[in-house]
Amino acid sequence: MSEQVQLVPNNSLITKTPEEGRQLAVKMARLIIKVTQPDAAVREKLRPVYAEDAAMLIAIGQTVATEFATIAAANNYWR
Amino acid sequence: MSEQVQLVPNNSLITKTPEEGRQLAVKMARLIIKVTQPDAAVREKLRPVYAEDAAMLIAIGQTVATEFATIAAANNYWR
Amino acid sequence: MSEQVQLVPNNSLITKTPEEGRQLAVKMARLIIKVTQPDAAVREKLRPVYAEDAAMLIAIGQTVATEFATIAAANNYWR
Amino acid sequence: MSEQVQLVPNNSLITKTPEEGRQLAVKMARLIIKVTQPDAAVREKLRPVYAEDAAMLIAIGQTVATEFATIAAANNYWR
Amino acid sequence: MSEQVQLVPNNSLITKTPEEGRQLAVKMARLIIKVTQPDAAVREKLRPVYAEDAAMLIAIGQTVATEFATIAAANNYWR
Amino acid sequence: MSEQVQLVPNNSLITKTPEEGRQLAVKMARLIIKVTQPDAAVREKLRPVYAEDAAMLIAIGQTVATEFATIAAANNYWR
């Protein structure tokens, strides 16, 4: 069932701008959490846990940075 | 015995689409957990532990992001 | 609502110098925290938590290093 | 004494297939643990600790993913 | 005010040798801590905390390794 | 004073073999710990702490993997 979550919006890493690439990185990171915890009620309950925890906010930043590195390379860094 | 787990489905990093590449990243991450903890009963017991823990969900996202970076490069980012 | 935070200042990874690239890395890391925790009052409360915690300061350094790797590649390392 | 552990099996990163590359990544990750903790009895004692701890299983996955990225690049991704 | 800390010494990633590149990686990692915690007295207080904590020393090593990867690429690995 | 620790043995990332490259990665990781905690007595005291802690052994593996990625790239993966 979890396989039915779309993991890459639009099925492409190519975006028009860095800003859109960054938004894609955020979405892709969130979709992995969704596929690992498919129950929306549990995810809702966990949201304030990480959003009010400094260490977890930093860890989310690390994950987004890693996703973004891939997306930026895919787009030749929008040079 | 753990050596008998297939670690790379289809023995290839090449996929048709980013979406399939992302699914492969998720599977490869899970297979490392399987080879490290071959006992299915223990893995079953651990699943709710990480699926309801915000910090662990974020850490899973970090691992998938790293696997995906390799798969995306292998596929020339599906440009 | 969180979608309205601009995630990449100037919508570009290109900077004139390494110093500006490094400042961009710091800003981009902070903006991910902002988009994940849009409430400025909560962020204000969390600031002393991480700024006085050695482990979190190190973790922030790790995130900035990852963002900077992408920005440096985008700029051909300002060679 | 720890210097006598062979850290890279066959002294090569080149493998025939992705599957073998993945197995090499797992072995190389384990050999670093061996060289850091050369006492086999201590390692035996630690095995159930990490194999039954969700957070550590995820962390092992992160390390293997990083090793695999290098091996995959060495093999031009077995394209 | 924190913006006035110089984040990249000499505003360049180019160094004469790997040794100097490594020193630059250490400095750049420390400067991110400085910009995040500009109060020198607090940083002084935190120093013994991480310098006597095995986990934090390892984490610092991880951050320096990431910074060094960028600097080494910038210098074509001093080949 | 900590500046006097040599951070890159032989001041080069180039090695004859993957095995030597791996040993260099281990040494470079340890030298960062040495430069951060220059007191040999404290380092001696910390050694059993991380060598008997599963989570820290894994974290050391992560750092070595990151150092090795750079060294392997510097050597064109010893292809």
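First chain written, first letter: the chains are A, B, C, D, E and F, and each begins at residue 1.
The rule is simple: a contact is a pair of C-beta atoms (placed from the backbone, for glycine too) under 8 Å apart; a residue touches a chain by one contact, two chains touch by 3 or more.
The shown structure was predicted, so the numbers you read here are calculated from the model rather than taken from an experiment.
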{"item": "Labels of chains that are neighbours to subunit A and to subunit E", "value": "C"}
{"item": "Steps needed, at fewest, to go from subunit B to subunit C via touching chains", "value": "2"}
{"item": "Longest centre-to-centre distance from subunit E, chain (CA-based)", "value": "B"}
{"item": "Per Cα centroids, the chain farthest from subunit C", "value": "D"}
{"item": "Where subunit B and subunit E are represented by their mean Cα positions, the distance between them in whole Å", "value": "32"}
{"item": "Geometric centre distance via CA averages, subunit E-subunit D, whole Å", "value": "27"}
{"item": "Approximate Å spacing (C-alpha centroids) for the pair subunit A, subunit B", "value": "16"}
{"item": "For subunit D, residues that touch 2 or more chains besides their own", "value": "50, 55, 59-60, 62, 66, 69, 73"}
{"item": "Overall pattern in which the protein chains touch one another (line/ring/star/complete/other)", "value": "ring"}
{"item": "Going from subunit D towards subunit F, every chain in order around the ring", "value": "D, F, E, C, A, B"}
{"item": "Parts of subunit E lying in touch with subunit C, wherever the complex brings them together", "value": "3, 6-8, 11-14, 28-29, 32-33, 35-37, 42, 46, 49-50, 53, 55-56, 59-60, 62-63, 66-67, 69-70, 73-74"}
{"item": "Subunit C partner contacts - residues on subunit A that touch it in the complex", "value": "17-19, 21-23, 26, 50-52, 54-55, 57-62, 64-66, 68-69, 72-73, 77-79"}
